[in-house]
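In what follows, structures are represented as structure tokens.
The following pair of complexes shares a single chain, subunit A, combined with subunit B in the former and subunit C in the latter.
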Partner chain A sequence: MSGRLATSYGQDMALLNTPAKRWWTLVLVVAAVALPFVLEDDLLVVLATAFVAAIGAIGLNIVTGYAGQVSLGHAFFLAIGAYTAAALSGDPDSTRLIGFGITSLPVWLLAAGLVAGLAGLIVAPLAARLRGLYLAVVTLGLVFIGEHVFKHWRDLTGGVGVGRPAAVPELFGLEFAVDGAMFTKAQKLYLLMFVLLVIFGVLARNLVRSRIGRALAAVRDRDLAAEVIGVDVTRYKMIAFAVSSFYAGVAGALLYVMIGFVEPGSFNLALSVQYIAMILVGGVATISGSVLGALFITLLPRLTRELPAVLPFVSSSSTAGGITVFQVEAILYGLLIIGFLIFEPRGLFGIWIRIRTYWKAWPFSH
Partner chain B sequence: MSTVTAGTRLATIATRVRERARTTPDVIALREKDLGLWQQVSWSAYWDTATLVGHALLALGIEPGDRVAIHSENRREWLYTDVGTVAVRAATVGLYPTNPVAEVAYLLRHSGSRVLVAEDQEQVDKALAVADELPDLEHIVYLEPRGIRNRYDDPRLLAWPDFLALGQQHRAAHPAAVDERMDQARPDDVATLVYTSGTTGPPKGVMLTVANVDFAIRELVERGGFTGAPPSPKDSVLSYLPLCHVAERVFSCWFGAGAGVCVHFAESIETVAGNLHEVQPTILFGVPRIWEKIAAGVQIRIASAGPLKRSAGGFWLRRADWIGDVLAANGGRHTVASRLVHAVGYLVCYRALLDRVGLRKVRYAASGAAPIAPEVLRFFMGLGLPMHEVYGMTENSAVATANRPGRVKVGTVGEPHDRAEIRIDELTGEILTRHDGTFAGYWHDPEATARVIDPDGWLHTGDVGEWVDGTHLRITDRMKDLIITAGGKNIAPSEIENALKASPYVKEAVVIGDGRKYLTALIGIEPDTVGHWAQQRRLPYSTYRDLSSKQEVIALVQGVVDEVNERFATVEQVKTFRLLPKLLEHEDGELTATQKVKRSAVASAYEELVESMYRVGAR
Partner chain C sequence: MNDLVATVVRGLGNGSIYALLALGFVIVYKSMRVISFAQPAFMMVGGLLVSYLVLSMNFFLAVVVALLLTGLLGAGVERLALRPMIGKPVFVIAIITLGVDIVIRTVVNSFIGVDIRQMGDPWGLKQLAVGGVTIDQRHLATLVTTLVVVAALFAFYRWSRTGLAMRAASSDQEVAQAQGVSVGAVFALSWALAAMLAGLAGVFLSTGIGLEQNLWLTALKALPVIILGGLDSLGGAVVAGLAIGVVEALVGNYGGSLSPVFGGDFFLVVPYLLMLLVLLVRPYGLFGTREVERI
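Presenting the complex of A and B:
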């Protein structure tokens, strides 16, 4: 039986429960796959970065959006993933850096996720005891501890200002990070990241519409009430942190593949805030919103970089007078977060939902 | 199919369901929503449960000719009981869920029902309250155990699962008992007693025999008497009007058994809009009240939408009006221009609109059981709904006339069915019908029977009518409702009332004037739409009574009345009106179970209001 008439709960909960959704998903996927053959390479790299950021944002959304546990420590977990992957696939003969020479993508990707997930599990007991601002401050502490460790553990990270090569993506002998005969490096990376985003996005959607997802939402809405109706709050907070960190680890491992280089100074509070901005702008507690937010925030610098040409008082370097593009970016993040929180708490996805509802209700208002 | 084709053996609804269970066992016959999911029942499961009911009734000692009453909302068990009862040659008696205790007592006592299937505690309480005055009532089977199990210890009570278990035991002991009983069925077995909710006097039990029902199924279902192309298992219907009424019985039970139409049960009368949206039935029957409500809903919802939607929706509704006029003028067929306008409108508006109200897949829509205003029919025709007014009554098994697809005359109730004889009495103008569906008589009331069936077999319908173009029948009014004013003028109040009720703001209208100098009306406002209207004007109100007494609301209704008056001759104009201070209720005796106004009851209950309209200088 098709259509609205639900004869099983499975049908009621289906990911693509209407024909319209099925069609538009197909159209979207086809369009995304066709893009690398249309766009310039540099833009493809930005998009690929955005896809990876989206994986990370999905992770943050699981713990902050779905489970309601505010985490400022996302940068820490991204770093763990990045260094696990970089170390695993690093050159084993290097005297300067730790390296194991395992360049197979599935291996180091999974390892990066698992190590970060483990770190998340270790942090989780804190979350079981703390809530709201207190939890935010503790996770903030993580970032500073991490920053300190990574800056000084030169064997792993290469040290401040030097850094180390990022993980080498290779799958069944296919190298992604070099130009090939048929595809350029950018095209290959774009497609790889797109496929990974789809995989991790679908996994996350399946997680949040399951028993676990409902339990997380119950914890978010009121942990006491959740406990009363039989949700093991500690257990689900741990699951939320573990899964979220796993996603962060995966994103961290992939994030530096595009530039090919990891610098320990980049895993700071600003990075965490960037991810918070992604989910707030995109839409809290939605997977599609995370993707939208990641795309938006990652593409934003591309736009601000065009500003000096339009606005004379904005300069592209810090030596010149006036305000720099980087400052404009920082201001925009702030304004966007404030604006969305006040005017559209459901984010970009909320705007989309509103448009969709408008046309769905046509010609009535509801 | 040997049992279904004529001659060899008698076809009852039971044999028809059995035949479907044999030929298409896994096709879905019934769907009912339970905990948010539509539970599906296949034909084999349908027949299996119905046989269990039959066995259980045999175990309880039900003999041919006994009566089994059902007091429940529409649900699967209603049809199981109906089919199971007919299988053991007993007669089903349907009670309206809204029947108050006094009527329940009357119906159970008058029908002499031996078994009552009651839905829940509410209905069980009604029966138990009077059970001691009912010597014939031996068993009360309840469907919903909540509030009954472990609390009531009346020996007559029996839970539905226990009732079915009884059937299981009986079937194990006598596997062929139900089939044997079915084989003994005779054409003059009473299949069902349908109590007609008379607008005057107590209800009368119409005996419909196996032969009557069989005739109706052959005429209305298998020959496509309503739908043109006969209904098929691909069709679906929504069952939401009371099943004890003959119209819903036709569309739910008989369409299902006779043509394999899939029946969906609405959760309740309040959720019909939502259920329609989900089910998207292909065949839909409604009483005028339902159609008026849907039409008013569409207009109000478009009027209260945002500016773009309001102007676009309004524009296409006006086009729909025009299309409706064209269709009405052409017997329901499109002209090139109207088809073109409709095609564009369908793309940008009507498709979405019909989908939202759950009518997009309707291939046949019908209105009956009471007269409907032509504007309402035209409204739906303009949107692209194949709308047909049909006519029939319990006493002729709902077989009389119908507007056929493509041969619609708005304002008439259509052409006689192929095998139905219809004529109009030369003297009184009364409509008479004669065919094999004419009922066997009123239960225990041969006098009343003799009054409506004359020696030649003509059924006197009590409706006054006339022929239009020699083919279509137009009904003027109920004979006893005709108003003769003090000036001696004959006036049919229902036309005026329907014109008033076509306004979205008017729910009930009762025109008064028998023996008076001029016509007046008691009008009940529609609380939803008028409430909405008041809100839009920032008009505070608390209750229905408060809303009805607002000067602004009276002025609003005055506008409606003035508009309607323009369409009638001076003597037929409503000179003044009063708003009813409350909603009319079945339980207060103001409406019949089918929500028709009992004029006499309303006129006497609001005598003071009526008299105030005839005082000197009243306005």
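Presenting the complex of A and C:
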């Protein structure tokens, strides 16, 4: 192994602690910014959705990966964020729906995060009393109760099957969700979501390498031992839930901007499981893993849609015989969760680490 | 009064389905300390198999054959997806069962399609009038079957050699292994039993109303049940299952005045609300054992 000598703790914990990391980050950022001018618009929208999902996945990873509190309630917090933002930026003259007409992106984004974070704080005391799978089931209950409330609160959500327009992204007079003179809608949304992902990613990375992050890891690894060495377990569980829900709220607010439409039936258990799958496939307790996992899971439907061209027995419509792409997608998704957990528990991030270690020592791999 | 009795019987009928499902969860939890999210899938498999088998044989025979097949599937899933994970964190194993659930349910759904599949059961939607109270025959049949199954299950745990082995493995795996209990076989048997119970629940759930894709959500109602009863208490699962069934039916019938505020199908979330309330007071459910913590 090529060694690297860190002479201080700060140096060891630095974000980009090796030249290679610095260069690769630069390359990645440049590539990501260049993409909208290369790719087609529909693919850009998928990528923008993936970036938003990554923000949500980072949130789930903070509470489940770093703090070890299994939450199946992520969909609930996503919903709170989505509806806070949609209501704030909604049309104030509408007779059917609540709306305040505040379309400024930073305002509704922060508000969505804060309201969801507050909801997280309210749930947290319950979570602090429960451990392990009891908590998982309670958060699952939260999703069902939330789904029920959102389906019936028509003034806010528009009701089942009807829905309401999502938040309108606008920043200092610049509209993101319409085609402009210089950029198309997809290009603008892609760049916006990328910038937001970088901001929230770096923030999360800084959080988890700080005192709070170490406390969360201590709570995860052995809560009793953490308490003995002076970590206030209840307090840090509450912090984890609040931060995680904040991220979920932000992601929820942005998630439906691309389609421009929110339907209350979509915030169900399947959505929570999707986020769990993201962090498991990407890598538990890593920020870059959350991003990788979110990209992978969001792009998966897009990949399976190409299958009928390659495999003749897969059909693309549900009326024709044989297996449909949707079934392939659902099965793949289940198998991926099982496969990653059995064969590569550290997820995509773990695979990357293995490749990196191999090349670090190349050609003397042992 | 008659209305009340009828409602309670209906609640007990639905409640026994929850109890069957909850027993499956508890059996798996007792052997592996994991909540198996694959139970809904087994429930659907049981119902689906009966709906196909009944085309060529008697209903009761179809149920027996279907349950044996479902049990085999359960044991197979345990061997393939769960056995490699022994010793891993419970969270990871629980998520694997979620993956299993997605895979099996997708396959089941492709067989169900968009139709409602009939069970071909002898009860259908026929009703029975006892002293002015009309009750669905299927609710009665469910309740009686559940009571018989529960009694058999308790006797099995209490008096049979295998039941003893399962109890031993549940209280301490290593010691049980040292005494000659095959813990692997116990895992497989637990999964088979849990799958069969879920399958039976699936059959009774779809008698009369038929089997359709969204029915799997009912299986998740067993989760508040097991939390209420305590994850490791078989008795708790039965009591809490029946209780939740009755409360749900009562709210469904008499909660009409709540519907402007909470919506007409408010009773659907009652189990979850009940669970939250009980957990605020008793974090290990009503009958669960408090976890002993060692420093």
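The rule is short, and it goes like this: the second predicted complex is superposed on the first by the 354 of 366 C-alpha atoms of A that agree within 3 Å, B and C clash if a C-alpha of one lies under 4 Å from a C-alpha of the other, contacts with A are read in each partner's own complex, and residues count from 1 in each chain.
Here is the rule we use: a contact is a pair of C-beta atoms (placed from the backbone, for glycine too) under 8 Å apart; a residue touches a chain by one contact, two chains touch by 3 or more.
In this text the structure is predicted, and so the values were computed from the model without any measurement.
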Subunit C versus subunit B, contacts on subunit A by residue: C
Which of subunit B and subunit C A:70 touches, first, second, both or neither: second
Subunit B versus subunit C as contact partner of A:230, first or second or both or neither: neither
Which of subunit B and subunit C A:363 touches, first, second, both or neither: first
Touched partner set for A:323, first subunit B, second subunit C, both or neither: second
Which of subunit B and subunit C A:7 touches, first, second, both or neither: first
Overlap of the subunit B and subunit C footprints on subunit A, listed as residue numbers: none
Residues of subunit A that touch subunit C when the two form their complex: 64, 68, 70, 126, 129-134, 136-138, 140-142, 144-145, 148, 151-152, 224-225, 228, 269, 273, 276, 280, 323, 327, 330-331, 333-338, 341-342, 345
Residue numbers on subunit A that touch subunit B, as the complex places them: 1, 3-9, 12, 358, 361-366
Residues of subunit B touching subunit A in the complex: 31, 36-40, 277-280, 301-302, 304-306, 309, 312-313, 316, 349, 352-353, 356
For the subunit C and subunit A complex, residues of the former touching the latter: 34-35, 81, 84-85, 88, 90-92, 94-96, 98-103, 106-107, 109-110, 220, 223-224, 226-227, 231, 262-263, 265-266, 268-269, 272-273, 275-276, 279-280, 283-284, 291, 293, 295
